[in-house]
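I've put the structures underneath this note.
The two complexes that follow have subunit A in common; it is paired with subunit B in the first and with subunit C in the second.
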Partner chain A sequence: MSAPADSVSPGSARAARYFIYGALLVFALVYLTPLYVMLTTSLKSLDEIRGGDMMALPVAPSLDAWFRAWGEACIGVTCGGIKGYFWNSLKMVVPAVAISTLLGALNGYVLTKWRFPGHKIVFGMMLFACFIPFQAVLIPMARVLGILGMSNSTAGLVLVHVIYGLGFTTLFFRNYYEAFPDELIKSAMIDGAGFFRIFWRILLPSSGPIIVVTVIYQFTNIWNDFLFGVSFASGEGAPMTVALNNLVSSSTGVKEYNVDMAAAVIAALPTLFVYIVAGRYFVRGLMAGAVKG
Partner chain B sequence: MAFLEIRNLVRKAGAVEILKGINIDLEKGGFLVLVGPSGCGKSTLLNAIAGLQQPTSGEIIINGQVVNDLHPAKRDIAMVFQSYALYPNMTVEENIGFALEMRGMPKTERAEAIRGVAKTLQIEHLLTRRPAQLSGGQRQRVAMGRALVRKPQVFLFDEPLSNLDAKLRVEVRAEIKRLHQTTHATIVYVTHDQIEAMTLATKIVVMKEGIIQQVGSPSDIYNRPANTFVADFMGSPAMNMLPGHIDGGMVHLTGGTRLPLPGTVSAAPAQGTEVLLGIRPEAVTDRSLADPSAKHLIDIEAPVELTEPTGSDMFLILRHGGEALTARVRAEVAVEAGQMISVALNLDKAVLFEKGTGQRIA
Partner chain C sequence: MNGSSSAVAARPQAHRGLADRLRDGLPRLVLAPSFALILVFVYGFILWTLTLSFTTSKILPVYTFAGFDAYIRLWSQPNWHMALGNLAIFGVLYMTACIAIGLLLAILLDQRIRGEGVLRPIFLYPMALSFVVTGTAWKWFLNPGLGLENTMRNLGWESFTFDWLVNKDMAIYTIVIAGVWQASGFVMAMFLAGLRGIDSEIIKAAQIDGASTVSIYRRIILPLLRPVFLSALIVLAHMAIKSYDLVIALTGGGPGNATELPSTFMYSYTFTRNQMAVGSASAVMMLMGIAAIIVPYLYSELREKDR
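Take a look at the complex of A and B:
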């Protein structure tokens, strides 16, 4: 910079600051508007919605639509609300995230601390898995699930998500463990710890940030996945995202916008929850290993 | 029989030989320092003793037992790493006790052992802290405690002081020496710092490019270096090397000066042999500082190129026969660059090397 710092007057510095904060505020509002519309609409009655003003606050806020979405709304031919599908998604996402994270950590551990001839090729191929589009694996995957007798089951979906997620989780953990000092592993070996003992006692307890990153990433992806859900599960076994689609796009009777909105917000809540609980570790984890020391 | 024996140890990485047939004996309670420039294979050798890298051929014998195929944990060794390698997720107490826990020692016994070691190293007040909350010196102590608590047959140190600042390094160095004197432990210690090697060792191994250059006591290595590499590597400032040849049983330096044979040479080399006269800066002094009992003190005159006062004394870079010659004189000697000075060469302390091979002539 050629201009010395003291050439900027306090007045213009303040103006610049106002401008920056103003711009940030505008963008924040733009991003938050849809959420605002969803929340307010879900609290309105159908009559009020038909009345017109999308941006208006609800006159008589009520949680009726939320209860209907949860327990009574019709999805396809059954009218039991989305709660069953919500649990489907949860039963899918928890094991899928846990297994893929653990396997990713184990992969990262082996690829950095127990190197074998050809480890680079193996890692390269795992990386390649990150670039394969979902659509490309649909038919082979369906065939595999069929052979394993796991089609149309939550277990099958878990398997699909674990396989698809492994490339990413391995990448995360490998890069994190790359910066983890080898001397610690050697020291533990001399101390008498074996392969798994080193993993459980030394490596995993030091992996907090990267576990958080991986969990957030995997949870968001798997929870929000629609394509695998709609392809490999149907009817009562479908995950939340598929049910939401069926609810919103069902064409019989009156279109209940407030119920649709409530269901959509419910569908988004778990990922929101994960971000709020673990989010502060997220950036820390992403940056970890980027700078030495 | 030696306590630690290394027999014809070779390690290859691909086509490159990192260790080219290493033979070392170390008696029980000895302090062996492996020293050499980076890439000389000293760390590889230490890792091979620890069992962290497998040798390509050769044997490692600890207390009469060949340990080549033993897992590191079964060799009854302990290692202190350069980075200390403290487990970041464990407290100091858990760090020190980890090896004992892995051995399945009961908790009460373990706590007692940890307390004993903590007391020796004066780190009792740190036991509940984590490594991140410790200073460099404290981490270094914990790392030593982790090794001590196991009461191993051999201690291995991999450049343990290189992450400390200069003052702390001197303190910890003295502490390691004291520890060795009180525990009579057998120690193998890797460093690239020749002062550490000189002060700590009972036996020094100087290595270069995977080959042992010389094995000997610190005074052997310093006063009778086997070749020009050892002479140059050990000692700071480095030993002066003055080229010349043998003429009539005298050393005829390139500058024209004729000197008698150094006291370390028993028989005169053949007439005309090209030689290097090695003489340490402290053997090139002003008359008043010279060793009065020396048999051969030869005065020479040379111009001063540079003065380097260190406080305790002064180094002078002289020019003699086209070669730089470092002298160590009293700090009080009043001399400036450009002046002539008369210095005495103590030939009792000088050594002679054959120019072509670099080997010392005995």
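Take a look at the complex of A and C:
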């Protein structure tokens, strides 16, 4: 449906239009304000921040705070900026997204095209795993990572994110492949194609959209994760979100608001970038993750 | 598609050699590692946490059985009651505000608006940010002294005071504000998809009958959106119970314990206060809370698909 057309007088219809546009504009300004304040604060000097107004544009915009945040700011006891943690996040997110997406595609393929007795229970159990509060697995996971020698390592975080992302990636692909015609699979089988051949040659080539959706969803979730990062890798191996929180909440020395904000924007840039270039797929992922089945 | 008939069901069952059996088992073999990981790392770990909650574990796990001792201690902690009370305030306000604002924005955007393509992403972009970034931004924005308070005073409202971040009675509401800012655009997207899915014939018929716009929305459109309300409520309730990062980044659970939530309670009792059994017990309570919401929902969704 797109809006019931108004059946009232032209005058009050115009007033209603003004009201609608006005309200939407006010909301848009409110939603944009925190981002605007983050960006402008990151471009100001500390003196200007202390003496001026948060909403004012920077008098002499400078990227000093950005360089300090990237290479010099103190996080914990080391003062090498956030760049190391940014790379940690990148080294964590790329393999974790790739592995969980590939496994999710294979799982979705099996759960729709090669069903076996009990496939429903298997899927149900994988689905519920998406929703558990991770607090319920935090202590055992910390122990196991310790035993495996993977505490405070990127490899450990990759493992964690692959496991707890599997439910969602499987869900995405399962729902997508469910609509894929069985006839194509059957005729390929008659032609002698096997399990993997059908997957590579028939399903994967037409999985473009769902791969994009899954990759974006996983990338956003894993990049933005804080709980696993702070629980299993809070030292040098910490991801970006943990480093940002350490930087902002540290109570030693002069509080450099501009550096905090620059670091926050840097932490937000990768996911914002993905959102701007592929927003449509981002929304689809959110919806698929929310409206099940 | 019927649940039990798979694409391979037609395969003849006679003359099965080893190669055949391997081929038939291959799909399950491919799924097995993922399922095993989930079994061990989700369900096994939940049982492990449950076990720990019945022990005397403090800084390290020990397996001395202590019955419901940890649960009794949990429920006698004022901090835990604080956390639950805060979750109730946060959860109710967060869900109500997100749904109210999300629905309003969706209805406004659905009025054949010019520039919808520009406005929609603006309402939704906070969802792409991490809670830590959101918390950091709002912590600065609401900073008493340099933030909103200062701006309003500069605008001429000399007596304007906004100290919610450091006021223990009001701090929980800053988390609501930041949380609503982040998630309401997402709820808008859900409602917008729902609105676009409504058959316009029904609306036209009602207009011909002379129904006003308001009554069309109230009597026809909103009831049709009931499934979206349900989905939004489930998703938001689930997000509210799991909220952790936002609190840590915005208030750190403070001032004092004013913004303690079950998630922050579990973390601090387990990892900083060395009361692992109590921490585990609180994690079990959180899991039960989420399961009570999610399991019926998933069950009905999966069953509906069968028909």
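Convention: the second predicted complex is superposed on the first by the 262 of 293 C-alpha atoms of A that agree within 3 Å, B and C clash if a C-alpha of one lies under 4 Å from a C-alpha of the other, contacts with A are read in each partner's own complex, and residues count from 1 in each chain.
FYI, contacts are C-beta pairs under 8 Å (C-beta built on N, C-alpha and C of every residue); 3 or more make two chains touch, one makes a residue touch a chain.
Everything numeric in this text was worked out from a predicted model, so none of it was measured.
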Partner chain(s) touched by A:M125 [first = subunit B, second = subunit C, both, neither]: second
First (subunit B), second (subunit C), both or neither touched by A:P205: first
Partner chain in contact with A:M189 - subunit B first, subunit C second, else both or neither: both
Partner chain(s) touched by A:S231 [first = subunit B, second = subunit C, both, neither]: second
Subunit B versus subunit C as contact partner of A:D47, first or second or both or neither: neither
Greater subunit A contact set [subunit C / subunit B]: C
Shared subunit A surface residues [contacts with subunit B and with subunit C]: 186, 189
Complex contact set, residues of subunit B against subunit A: 47, 50-52, 71-73, 77-79, 81-83, 85, 87-89, 98-99, 102-103, 146
Sites on subunit A touched by subunit B in the complex: 181, 183-184, 186-193, 197, 201-202, 205-206
Residues of subunit A touching subunit C in the complex: 1-7, 17, 20-21, 23-24, 27-28, 31-35, 37-38, 41, 49-50, 53-55, 103, 106-107, 110-111, 113-117, 119-120, 122-129, 131-141, 143, 162-164, 166-167, 170, 178, 182, 185-186, 189, 194-195, 220, 223-227, 230-231, 241, 244-245, 248-249, 257, 260-261, 264, 267-268, 271-272, 274-276, 279, 282-283, 286-287, 290-293
In the complex with subunit A, residue positions of subunit C that touch it: 1, 3-8, 10, 23, 26-28, 30-31, 33-35, 37-39, 41-46, 48-49, 52, 61, 101, 104-105, 108-113, 119, 121-141, 143, 146-148, 150-151, 154, 181, 185-186, 189-190, 193, 195-200, 203, 206-207, 213, 216, 221, 231-232, 235, 238, 241-242, 244-245, 248-249, 252, 262-263, 266-267, 270-271, 276, 279-280, 282-284, 286-287, 290-291, 294-295, 297-298, 301-302, 304-305
